[in-house]
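Which chain is which? They are A, B, C and D, in the order written, and residues in each are numbered from 1.
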Amino acid sequence: MANFKGHALPGSFFLIVGLWWSLKFPLKYCHQKRKSNHMNHNYSRLEIAEAVIRTVFPIIGILAEQFVPDGPHLHLSADDHWVKLMNWQHSTMYLFFAASGITDILTYSVTYLPLGMDRLVMALAVFMEGLLFYFHVQNRPPLDQHIHSLLLFPLFGATACLFLEVILRDNIVLELFRTTLTVLQGTWFWQIGFVLFPPFGRPEWDQKDHGNIMFITMCFCWHCLGALCIVLSNYALVQCFMKRLKKCSGGEIIGIQKLKSGHPYHTALLNASDEE
Amino acid sequence: MANFKGHALPGSFFLIVGLWWSLKFPLKYCHQKRKSNHMNHNYSRLEIAEAVIRTVFPIIGILAEQFVPDGPHLHLSADDHWVKLMNWQHSTMYLFFAASGITDILTYSVTYLPLGMDRLVMALAVFMEGLLFYFHVQNRPPLDQHIHSLLLFPLFGATACLFLEVILRDNIVLELFRTTLTVLQGTWFWQIGFVLFPPFGRPEWDQKDHGNIMFITMCFCWHCLGALCIVLSNYALVQCFMKRLKKCSGGEIIGIQKLKSGHPYHTALLNASDEE
Amino acid sequence: MANFKGHALPGSFFLIVGLWWSLKFPLKYCHQKRKSNHMNHNYSRLEIAEAVIRTVFPIIGILAEQFVPDGPHLHLSADDHWVKLMNWQHSTMYLFFAASGITDILTYSVTYLPLGMDRLVMALAVFMEGLLFYFHVQNRPPLDQHIHSLLLFPLFGATACLFLEVILRDNIVLELFRTTLTVLQGTWFWQIGFVLFPPFGRPEWDQKDHGNIMFITMCFCWHCLGALCIVLSNYALVQCFMKRLKKCSGGEIIGIQKLKSGHPYHTALLNASDEE
Amino acid sequence: MANFKGHALPGSFFLIVGLWWSLKFPLKYCHQKRKSNHMNHNYSRLEIAEAVIRTVFPIIGILAEQFVPDGPHLHLSADDHWVKLMNWQHSTMYLFFAASGITDILTYSVTYLPLGMDRLVMALAVFMEGLLFYFHVQNRPPLDQHIHSLLLFPLFGATACLFLEVILRDNIVLELFRTTLTVLQGTWFWQIGFVLFPPFGRPEWDQKDHGNIMFITMCFCWHCLGALCIVLSNYALVQCFMKRLKKCSGGEIIGIQKLKSGHPYHTALLNASDEE
């Protein structure tokens, strides 16, 4: 859907997921530090709930792309030409995120899938979105092309981050980085909508002006900084809230625990030296 | 061999290897978890058998490329010009996979080669295939160029994955990722054959139509999703089958073991804390 | 500020930070080896002082970019066109480094942020500088474009190095590598100033001469070698100085310690074999 | 020196270093497995000897580039133009390898430099060679450009490998990979000499023929396979020779040791399980 709504819908999806993660990961990290194992079962349920939502959202997206009045209505080709390939490409992007959601459900419920597979499928979903966008925007005006190609940075960044999480699972810094990129993607989709399809009867942007392209590049940096601020303040808020809730006294213990998850080698050293 | 068979042959090779791996790796992973050491000798034999097949296949490919009626028949140059360079380049690709097979045989039989070398040579084989393809498709029609260059993603992805396996050997997620990329490569070779050389007297594709290029990009994503589904369902089937076969009771033990191979640092922590 | 001062200011900033790091990291490494824990509090204070300076500097840069006589004076757009986008882009670059400084202050003082986040934000700051530079220099004369794009190597190199430090914190070699790239960036900013805006009434460089471009490439390599020499001699001086200061006798212990921080796996082996 | 000798000299340098490494690394690996600590002192001396040679060679190269009859004789600029920039660029490449040699000498003799720095400086030397080559070959005939740019693969591959060795020191597979790339570089320099400056009065190659470019790409793959074969057979020969020399009986011990250095995580597991 090459209009404002077609960008606002995925933008809202990524924004909601990003904001939710910016609360979930600090909370999970807080509990991990205290080894509160009785929470594990609840977390597992929470993960499944999240995965279900991350599956339902993209399915709504697919249905919207297919059955809007000018959509393809599940017809792929007719009379020797392809029908509404743009909508089909968007559907494919949503499809991968639905697949990622389903993988998460299977990983946390049936446990027939190996741990880490959920991250790999999510990495694949993000990469495929990037791949489709890369070939998607050729033969368009410069500003359109530039504003979409800036999206490739959070996409391929998140791919790299998720691939790393396959190996370094539950690293809080990587998780916060991924969250930041997801929030950034969400706000940037909204920005694309506002620039390419100005709502409220605002004037169109000149799509060939070099000044506009330079401004958009800078604007992207500001979005990135904004996303980072949101994620870090949410992290600090959760930490602060949890500390007051439990009044945990052992300041040094927290320090060591922090080192543990931040840098696993140190832990090995610490444990080993304890035994000596 | 720039015809349908020339793409079906390597496609079938990669498809068979990929499907075999999608059964072998889950099975190996299942046995590793139970530390059934008496299986080691059988596995070693199995690996050698696989390596022999992965050596014989490419040799057949080389012979086919060289001795088809319009092939070079091992002549490289004649009268100041190169003879059938396309066939020679295909032969070179096969040659590297044969070399990878031979390295595997040597690693598992004579043990004079260091562990990890087998993965490195396979990474090199896949990279060289990518390198040759990259320079192979220049000066061709847009669709031909695009459909071949999409092959570079599974090729360079598999190179990165295999290089990582040199360091993180026997990581089930990486192995399943590699398997997915191999199956994807196999089905994509078949797709290339169907698009560029339509069999059964179907009409030719317009090689310059932008719609066709957009469809092919999307089609590549579907192949990728299909390959992932095949590999994951085979994994789940093997896990399910093994569980019923042995009725192993210790649910928690499996959980811990999973963590072990998924994230080796955790194991160190677990073991260390056991000793305290 | 597209003039000599506009390049000398950031050049001096990076040069000072780089030279300070070339003393700080060897010193910290020296103390780590001796496990002198009573230094920790002082180090924490030192880090905060450094972070404050790394915050104040960029704020001065932002003010300079905004309030020079021909600056935008915080006006972003006027009469349907953007005001002084160059100055705004420079301000954005400074803004990220200020954000990195503030993150460091928060990490070392309030400890609500997870360890490693400071490195991630710094990586992001350096990456954003690279991103802005990449799109910054289009539509310029060849020499101008080339001399600025060489800056991308230390920038993206430092991004990769800092991202790796998130996982491998306190690795002395990575820290020295980052220091080298920072010094290189500082001297290269000065070089850009001297080439594009020759001070002292020197003649202008021909911006289209291929010889000049070739010389500048080579000159970049020399800067890199120079930066490396500075960092390594500072490291050696600090080591030498510390050795004489404390007259630590245990030569072999230092050897083992070196291995420890250089390669954490070895330590695990050493510790493990000690216990056997 | 844009002639046959100018390519044969660096080619021989890399070939000799590569062949030497293909003997040294397997030998070192063999001794490491037996923990023969009394060899350490001898190894240190050997490393210094190697480093001296790796310093002297490039210095000879610099002198040759500067003082050949048509060289710059250390003059950089004269009458407002640069003197013999090609020779100066080659000198710069040699200079970095000399710097790498000196760093090695310092690392193994004075021990004021941290372990891993030697690998980092070598990575930098190889990267700078690649950077200079990348900008070196612009504005040349297609074949000249292609044959030189193929050199970038072993160069950037070796950079990545050396950078990884900073973290994963003494990994035999990485060392053999680096050795292979060094041998490949050596033989490829000779190949460039033979193609661009045919000796013995052979006819010139057509620098614009697409067939020649395709052949050269394939030829590069063959060189790569050849280099791999040389390195692996030298490894096998050394292993075989050492086994006969010492008649070490414990077959299984060797198996475990292999796992140790191939994959350090396994060792931790093995050791940890021994203690349980």
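Here is the rule we go by: contacts are C-beta pairs under 8 Å (C-beta built on N, C-alpha and C of every residue); 3 or more make two chains touch, one makes a residue touch a chain.
Protein names from UniProt, one per chain: A, B, C, D = Transmembrane protein 45B.
Since we're looking at a predicted model, the values are computed, not measured.
Judged by shared residue numbers over all numbers used at their interface, chain A (Transmembrane protein 45B) and chain B (Transmembrane protein 45B) contact each other through mostly different positions, with under half in common.
With centres defined by CA atoms alone, the chain at the far end from chain B (Transmembrane protein 45B) is C.
Look at where the CA atoms of chain A (Transmembrane protein 45B) average out and do the same for chain B (Transmembrane protein 45B): the two points lie 29 Å apart.
Note on chain placement: the centre of chain A (Transmembrane protein 45B) and the centre of chain D (Transmembrane protein 45B) lie 41 Å apart, centres being C-alpha means. Taken residue by residue, chain D (Transmembrane protein 45B) touches two or more other chains at 168, 265, 268, 272, 275, whereas all remaining positions touch fewer. This structure has the following touching chain pairs: A-B, A-C, B-D, C-D.
Contact residues of chain D (Transmembrane protein 45B) toward chain C (Transmembrane protein 45B) in the complex are 81-82, 85, 88-89, 92, 95-96, 99, 103, 106, 110-117, 120-121, 124, 128, 131-132, 135-136, 139, 166-170, 260, 264-265, 267-268, 271-272, 274-275. The touching residues of chain A (Transmembrane protein 45B), counted against chain C (Transmembrane protein 45B) in their complex, run 29, 153, 168, 171-174, 176-177, 210-215, 217-218, 220-222, 224-225, 228, 232, 235-236, 239-240, 254-255, 258-259, 261-263, 265-266, 268-269, 272-273, 275-276.
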